[in-house]
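Common to both upcoming complexes is chain A, partnered first by chain B, then by chain C.
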Partner chain A sequence: MNPSPSPHRLCSPIRVWVIARNTLTQLVRQRAFYFLLVFSLVILLAAMLIQNFTDDASRQLKIMKDMSFFAMSIFCTIFAIVATSNLIPRDVEDRTLYTILAKPVPRLEYLVGKYAGGMLVIFFSLAIMTVLLYLALYARQQALMAEYLVVLNRPLSPEGREDIELILSQLKEAGPSWRLLTAVLAIGLQALVLGALTLFISTFASSGLFTVVVAFVAFFVGYIEPVVLDYWRSSAESISRLGSFVSYLVELVFPNFQTFNLVDGVVSGAALAKGTMAKILSMAMAYVGVYLLAAYFCFAEKEL
Partner chain B sequence: MEPAVSIRGLTKVFRVPSLKRQRVVAVRDLSLEVASGEIYGLIGPNGSGKSTTMKVLLGLSRPTRGSTAIFGRDSLSVSSRIDVGFLPENPYFYKFLTGEETLHFYGRLGGLRRKEIRERSGELLALVGLEEARHRRLSGYSKGMLQRIGLAQALIQRPRLVVLDEPTAGVDPAGSRRIRDLILKMRDDGITVILSSHLLEQVQEVCDRVGIIFQGELCREGPMKDLMAIEDQTEILLEKASPELLEKLKTVIREHGDESALLSMGHPRTTLERLFLEETSGKSPDTRE
Partner chain C sequence: MTRLRWFALLLVLVFGAVRRPAETAIAASLKKEHFRESNQLPDGPMREKLGQLGAAAALGGFRSFLATLYELRAITAYYDDVDYQSVELNYHMATQLQPREPGYWDSAAWMLATNARRYYLTYDVEHTEVETRALARKSVRRGKKFLDDGIHYNPEDYVLNRALGNHYVNREEAFCEAAEAFGRAATLMEEPNASTRHHAIYLALCSGREREAYGKLRLIAERIQAGKSPIPSHLMPGSVVLHLRYLEGVLGIPEGQRFRSNFDFQALYDRLRARWQPGMTKQFSRLHRLRLYRLEEILQIPVDQRISGRELLRHP
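Entry: the complex of A and B
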């Protein structure tokens, strides 16, 4: 006879991890990582070509950082939306979900596992990209500094020497630093929010295209919302109750994605306002929590 | 003893998304019980509600009315699924996994430890005859292989109940025999099985009890023996009977006088399946090892 069944644990991190890892495997074997190849080529090409654009040495490094961060944001935004949009609908369509949920797997665990798997891909991609960026930046910085150090050893006028020393100190500043990580982290957090939003939309959307389009529109709204609302609030003579209510609602539902944009500040070297990281971290966690909960409510009752 | 499956007054209505708000009653007030250790066959034409009943039983779909339970645990609770293995119709698994990885995945979901899974998956792969293909990705599996890995997946955590939706659909006769033998082995191991199939002969061979479902209603149910026997008819099978003997028999029956009548006479029909197997394997399908 069979032994009596072991007591079932309501929430098991093991099962969430198993599903997350499976999703990671899925995305890796689907070669989503080819994106990365393109990205690293962009950085390396940029590193090689930039010297022809400008003579200003520290500007070269700045452009490199700008381009890399741009590539990272693009990668994370597109990946967070496109890859996540398909995770659950695909399992539903292929009916793989039947066999998964026929095991003692609560739907919440499945949902969180899928989400975590998608986000793990973003995490690893960002980690690899960051390492690449640091390496490329370091190599370029060292090469440039070596050039100027050679110049410094020649007989120079005092002004010339001063100029070179200024350039060298700028180069030191513009090289790889911890500060760059805050921008990377912000990009990652934005991807977490976008992924959760997309997952939520995908639980009730009728098609993958719908999910992707709605998620991009939501992203766009969240991105321009602060500018538009500020303009509207400052230009309108009087704002009706309804108007202000709706505008707050828009602000609440669509996260202000400008908050996650630390790139400009970080690249230009401006100091981060105190508490910025704590603010975006808590904001991201709150939105992720709310979206996942909403996704669960849609998914829990879903007919398969 | 507690029934393995109990379905009480199950009704399932689907709302079809359309302008007229149509509704489809897939299952209507269906009640049945499957005792522990029994093999129960659910048969019926396409669209009669077999798969729907199974999906509700596994908590994949919510009942509109009524309730279903597995070993006394309501299907709506996750814990009812600890003791079940499910093979859906036309199963489809993650193509990017190999056979072994698939079993590992489901084993982990079923709550097994790595070491247990390693032993168990070796056992099951041998049982379903997929040892050669264990390191191949499922994208390269044939339909019959998918069906068999599905069966292994259903059995991974040693469930006490196995639910099989058309386990032999799309499988060739030899493979389908094999699945039948597996089901009989499950019975020997004390596992309760509920299956649906369109291959009535197979159902007849393996099931202890059958339910016939038509348009969502259970119209007939009972032990196989009772359903199959046509009490007031008798079949005579002769070998090398000469035409004269047959004529004589006819005369005897006619002259016997009471209500008995000859209904048919001719060569016994062999089933297509039997014929196919004899032709393709050169041995009688009845010599099971």
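Entry: the complex of A and C
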């Protein structure tokens, strides 16, 4: 007697995982990780260049952090938009989409799986870049500290000794620390939201190029809009009803990417409270949930 | 547009309305935690210098990176072009982009008040002597402005307050102001340090505050003598004992209550005097002249044999 087939589950994490894993493989085959090579070169270049530019020890580490976070942000932003915008059109082009949807795979699972696959690439890339950054920072910090410890062992005036001790304490603070992970997390969360937004746009876009352009514009507006509107509201003497309505509409439609703008503060040494981090994390999850649901609404009735 | 697409649009709009207060609360928390202090729209002139792309990058979370680039440009202008206008402009941009990074203010002040001043007074051949002096004075003023502005943004930074103290001593010979700056720096460290010492030393040169200065100098000297300071007792700083002994005389402290020390004032005087040659007056700073004067008072050198009495004090 044949065992009765297991009932088809409405939402299966295993099916989502299979799609995500395949998307990851697909993106890896497209040599998405080649950027890591560029990133390594950026860190190496930064480490070599800064020695010629400044004698300030803690500033050397700051320059390394600045250049590395800049490279991380650029990679995650471009990847989140360009890779996600191609996920569905490529499957349509390859006809993989029809094979998948011909099976009992709900469209929501397909979307979530594709999104998760894309984001896994960002996750692994960020993890590798973070390890590289920490290693480079640690190596430079130790080299600099060794130099100053040699000086400290020489006979010094009280003022000279205090200066060296101050530099050593600044070096300890400027080196690799858990605080830097806040910046990495912020970059990752921003990429998650941007990826979800791009996927949503791609579900109703007429072409891949349209998706990329609209996503970049939304990203740009999402960064600028909160600061510009704050400035405008505080400086304008009187705001017309129409102006007020339009600005409100802009706020409703575009995501506020300033929420995830933490890198500058982290590099400057500011520490984020756990409560605030939890709020930012929740906000990112809410964005992702809403954009994926909106993407599903658009994709559910799409004629393929 | 299908029904579900309308749902999608509605969902995005409703979410926008719901998230707005939450995002305002997050922005307020970030501001409180020093994550938003430099996150304003760049002003008109700065926007012009940054360019549209730079202004957008500054708002897009790359302020720190841009500030680094501007500092690198300032350093290049210093090393390659010796162009102090460009140094100042680039440091101005760096400090405006990241006002809570004390290192930029400190470096900018050092570049202008020390390096630019020395360049104008020593190496500048393009201007007349009057012009180079004016340029040197101007660069010292601008250097100080960087320190003042830096302290305005970072009042609790030890390095900036100490740098301001050093500026007052070396560039303006304003000892009361120096004492105040070192005093502020000293309070920012847990343990007594060089700034604590400098605060007391320059207070001793500040007219009207002799008794306060004496109390502080005495405390420092006793700590060093008792081995409670990182400075070993046999390396007791000359400035501390010199001003202490001088103030004991000025304040009329009875012999039995004075600080006991076997510091060799004569050796210190001989060392300072050996560096002096007739006609060198201008090379002696007011601080050196005051030290010499106080040593001559302590050693009770006859007036006609004093350096400070004959020539040095004629150029206060």
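We adopt the following convention: the second predicted complex is superposed on the first by the 292 of 304 C-alpha atoms of A that agree within 3 Å, B and C clash if a C-alpha of one lies under 4 Å from a C-alpha of the other, contacts with A are read in each partner's own complex, and residues count from 1 in each chain.
Criterion: a contact is a pair of C-beta atoms (placed from the backbone, for glycine too) under 8 Å apart; a residue touches a chain by one contact, two chains touch by 3 or more.
What you are looking at is a predicted structure, and each value in this text was computed from that prediction instead of being measured.
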Looking at the overlay on chain A, is there a clash between chain B and chain C, or do the two fit?
fit
For A:Thr25, using the defined touch cut-off, is the partner it touches chain B, chain C, both, or neither? Pick first, second, both or neither.
first
Taking the superposition as given, does A:Arg15 touch the first partner, chain B, the second, chain C, both, or neither?
first
Check the residue A:Val227 against both partner chains and state whether it touches chain B (first), chain C (second), both, or neither.
second
I'd like to know which partner A:Pro106 touches here: chain B for first, chain C for second, both or neither.
first
Tell me the contact category for A:Ala127 with respect to chain B and chain C: first, second, both or neither.
neither
The chain contacting more residues of chain A, comparing chain B with chain C, is C
I want to verify one number. Taking the Cα centroids, what angle sits at chain A between chain B and chain C, in steps of 10 degrees?
170
With the two complexes superposed on chain A, say which partner A:Thr276 touches: chain B (first), chain C (second), both, or neither.
second
Scan A:Arg95 for contacts with chain B and chain C and give back first, second, both or neither.
first
Now for A:Glu301: first (chain B), second (chain C), both, or neither, which partner does it touch?
both
Smallest distance from any CA atom of chain C to any CA atom of chain B, in Å, after fitting:
13
Footprint intersection on chain A (chain B / chain C) at 301
Per the contact definition, I'd like the list of chain A residues that touch chain C in the complex.
53-54, 56, 58-59, 62-63, 65-67, 69-70, 73, 158-159, 161-162, 166, 200, 204, 220, 223-224, 226-228, 231, 251-253, 256, 258-259, 261-265, 267-268, 270-273, 275-276, 279-280, 283, 286-287, 290-291, 293-295, 297-298, 300-301
Taking the complex as given, what residues does chain B use to touch chain A?
14, 55, 58-62, 78-79, 81-86, 88, 90-94, 96-97, 105-106, 108-111, 150, 153, 157-158, 160, 163, 190
Per the touch rule above, chain C residues touching chain A in the complex are 2-5, 7-9, 11-13, 15-17, 19-20, 22-23, 25-27, 29-30, 33-36, 38-41, 56, 59-65, 67-68, 71-72, 75-76, 98, 100-101, 103, 107, 158-159, 193-194, 197, 230-231, 235, 237
Per the contact definition, I'd like the list of chain A residues that touch chain B in the complex.
1-2, 5-6, 8, 10, 12, 14-15, 18-19, 22, 25-26, 29-30, 94-96, 98-106, 301, 303-304
